[in-house]
């Protein structure tokens, strides 16, 4: 059984169709790229999967459970995490708190222990803190733990956003243009990072990206969207050659790198 | 690490709280009030609503009191001493009223005048009582202000100078029944105001006891400016008169709007109507065929009244309303009480107040009854082309 | 490290008890005049109000203008319990808080879906609705309100009530629940994506804030003799908001200082009765312009800063 | 080639954002008729430089000269009148106004109605897609169309110098190519261009000269082609 | 039935007063997203200026014009002193400053002119028309007419003139507007001047309508007008008019059918209901937050 199965998913805003009959089956452990011109409906897919928008029609089943009608935080707890195209960190909080917030979902102590600092509070806080620091260590952010997230350089903010998403212990990770605003050097590092976390955390990843070098370098399967519909699907090599993709998205010179 | 941070914070909170309270204590130490013994002047505290919701009334009262006390000072003061007038603003807020009263008490005043409204007086009452300082209110009309019904005991230190609600309501009910000979009326009252509600209640009680009928009662709130909805509704019930126990700024609008709606029956009211502004708001014509109860009339030709009106206009640039007149009397009454007490001693002043007999105020001759309410004649005034005309003076038959 | 914490807690308690005791002594020996007492009590109540409003406005980031309404609910409930039903004061305080929290829940659940100014105006509306209802309930004295309330609040109640409120709020904010609220303030969508049930936490903060306002209300009612619906208009909510703002959104110490400052300011301005509110207004504008983030921003005063001032904690803070 | 006149000169420009020292003494020249690229990583200060030139942020010291005139202290809306237009990062079209109104706002400072009409025609021929959508509210346009509108809007001020901030950001590869082709055409029509780009490859392809900015300082400058072949640049900005 | 129509009419005249104030409110909000709590107080100042003119013997039109002029200046000064320094600060700081400005005007006037109510001399013939038992006064026509004219006038300014375009551009994105050569500061100042002039006109008309001018006269109408603006969709000029009239009618009907004491509560309850069903107000549109 696939981890995620989306069938005939459609979404329209007023009269505007943002996504039409979108089908996708994702197996456990896959690394899938979602590409397409601006306004093709890529981010809409993520917003539907994470419950930010209700779908107009269609089905979304994750690990055997229907995602429709679930609130975003419920979906997160079911095991789907995401990052955002325009970074959405908790800017005025510390790096550590950013991760801690993600960690506490699912396991938590009650209000009374919180108010009076009772043993359950002490114990859980310790757990959360240790786990968070460990995660920051992995993402080379531990030294930054006490800093305001908004003060981090751009690349580190992107890393922190991924770290934070991982702290929710997802099975499926949705990355929305993680390389946007990165230089080629950083993009390269990101490429290996994505691979590594997929293996290390046994994740399934769906990636939206304009940077073809990243998509082609990391994805095993690529889905191309245009005007809300899938126009092509296949391995990176197949996609590069596909005339429809070239016409709609890549241009006559094909992929640059 | 985080834990250390938080315990540091905790310490900080504790310390901060401590520092703040200590600060308060220190301040209190520095500013300890001087005792009144060596004071050359007799201090009278004025606690009024000078800002906030009912600033209009509080300011008028205060103006009257200050005018009276200044005149007395000019005439040599009392007991050979000048009076120091300490004016404080309670923001039309009960907590502030407590605050101001305590401040005045700690400054060593021998008497307090004000506040103007029942709630604010009741907030200041425990302060006056526990400090044993007499408090004279100009305009708080609720019975409970001077008399504790629960304990069935008079509030020893509280006095008032205005006629109480039942007196005015009774006189008006008599007048309607006997003189105007009307049987079917309606009431419009300010539901956010105890004065208005008290009068309305009492009027209904007395009028219905005589066999009259109140066919409609409508309310409004003090921020209202449009009264036509209520008036339209009342008018549908065909009353022969409408009783509006409220203040002039609302009454003016109500009468004006009522006449616009073609409501031509008499309007009746109480001392809250008395203000030169009433005519300019409602218009002289609209006010024809209206009557209200009052203690005095600013158009009263008596020399005392006219002297007051002139002095007030000179000092403040406006004509006095009934609040100002009550304030003026309150100031003079207080000075008289001090004189009769023979010493600037709060307890003696209180005793003297209780014994006041036929004090010649501009709002009428005044004595206090056993509940510290004034016994005064009530005047019925008729509006004719924008001028007040005295119809009759009645003594309430309690 | 454990011992260190215990040591610090001990010091805190000693300081608190010292302050408590000194003031208590001052009061019973009549060294602190009634006037200063009144203002100290007013300050305490304002601190509770500002701190609890900060929980909603500063820590959770939702602009509420209905705090006066919850204070009214607490005040009236507690007075009904003590005066009309004749139960003891502690029970009345509890009832006031619980009922304010319930009303907070009823109001918060639907309105907290709104954002920014829309939420502000909706909460203001609810606050006014509460006030209008109070005016129209004869049982509660209507517009006259309830007069002659016994003074049951003493220094012990006020001091420990204020301290407890501050400590509980601070514990809450520094717990995972509080972090969830902060996350919502920073970015609601991202918070949801981290598994934070934003509706739950928004309503929770609102309800806790309301309960705190109810607590302040019951202390207020049993200190100032009289409660009237007109006291609890939106203007009072503005006053509390201004205290929070002057101190700094998201700073508890800020709320304390803000509340204290404005209480003192208001008391000092009493001596200028004619211009009291004009001066107050000018100071508001000046403070907003020169310190738009409030005195403390979202920071708390650091222990280092304090130890520099006082030297009391120098030893312990150096060891960190 | 005629000898080029310096159109814009930055002399030792420093900019602070509150406590953050964003630009640490930049010297930069743009000559009449050139395309100059400014490349560098995120947070290097590229956008800040453009914002300082346009007067949106103020330099704390140093000078900005435009056609020899010191414009350092001139307010932003006056600078536009002198002939400097900017296409800001993230397009920033007026989403609640129609395409046509957006373009009209571009001509806000101008009183020459006939010439404005001419420029409108020019923009619409340059971007036929905007003509198709001229009565549509700008917020409903796709990212590429918004970028075109933003450029068109800037052209309506009839600038001598056009500042472009990340025109390729968030656009699909095909669109990026289209936009860069248009930029070249605009330059061909006589407008001088200062381009800030993340996409260093495209930026160096199109430019005459380029500057490399790192943490608020210029670390490299030269002919675009030379820089494209420079190893450091290749490694950091061109992906090897 | 006749009573019902009379009540509707009562509501219409009350509503057009709310609308008149709400229009200025909504315009200022539209451009700087600031709840200008002092708007009602500018109205009050306008009423006083108009009163001064009227007492000096001037007629209706010159009184209104001078009041508008004075308040336009006041609005600009207010913006310059209390709001502009806070344009980039937090909402709450701006709100605090607005509250401060409001208190300053209220109590400044109180200190200067005392809190007492004053009234206008007769500026208008007090004629009353009777249609089948339903009575309308001249001033009802005056207020309704003025509101309508001003709404059309403002719509014209905002949608047809260059200044209007600049205002809309500034309201959407100040920096981008600057890059178009728009002087943001002066555009905002113009908006304040316009909004305050409208408030002044409303102040004079209200002063005449109710014949009562006092320092706190702007407080409640200001709040109600803000509610009306939110009801209609804040930032939307016709919305403010619709919201105002709707609010007025509701209040009149509530008062007329027994609930006068609960009138304000009902008004707020309706506001809250509408916000919950359609948070952007009746005519308001706002682009949904993009994720």
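Labels A, B, C, D and E are assigned to the chains in the order they are written; within every chain, residues are numbered from 1.
Here is the rule we go by: a contact is a pair of C-beta atoms (placed from the backbone, for glycine too) under 8 Å apart; a residue touches a chain by one contact, two chains touch by 3 or more.
All of these numbers come straight from a predicted model, not from anything done at the bench.
The minimal number of chain-to-chain contact steps leading from chain B to chain D is 2. In this assembly, B is the chain whose CA centroid lies farthest from the centroid of chain A. Here the chain pair with the top count of touching C-beta pairs is B-C.
Among the other chains, B has the CA centre that is most remote from the centre of chain D.
Chain geometry summary: the mean Cα position of chain C and that of chain E are 33 Å apart.
With each centre defined as the average position of its C-alpha atoms, the distance from chain A to chain B rounds to 70 Å. In chain E, the residues that touch at least two other chains are 107, 110, 261, 264, 291. Each of the following residues of chain B touches two or more other chains: 3, 51, 53, 191, 221.
Among all residues of chain D, none touch two or more other chains.
Every residue of chain D that touches chain A in the complex is listed here, in rising order: 41-43, 140, 142-144, 169-175, 177, 198, 200-201, 235-240. Within the complex formed with chain C, the chain E residues making contact are 33, 35, 81-82, 85-86, 89-97, 99-104, 106-108, 110-111, 223, 226-227, 230, 234, 261-262, 264-265, 268-269, 271-272, 275-276, 279, 289, 291.
Across the complex, chain C meets chain B through its residues 5, 8-9, 11-12, 15-16, 18-19, 22-23, 26, 31-40, 42-43, 47, 135-136, 142-145, 147-148, 151, 159, 162-163, 166-167, 170, 174, 220, 224-231, 252-253, 256-257, 260, 264, 266-267, 270-271, 273-274, 276-277, 300-303, 306, 310, 312-313, 316-317, 320. In the complex of the two chains, the chain B residues touching chain C come out as 3-4, 6-18, 20-25, 27-29, 31-33, 50-51, 53, 87-89, 91-96, 98-100, 102-103, 105-106, 118-120, 122-123, 125-127, 131, 142, 144, 148, 150, 191-194, 197, 221. By the touch criterion given at the top, residues 57, 63, 110-111, 113-118, 120-122, 124-126, 128-129, 132-133, 135-136, 189, 234, 238, 241-242, 244-246, 249, 274-278, 280-285, 287-289, 292-294 of chain C touch chain E in their complex.
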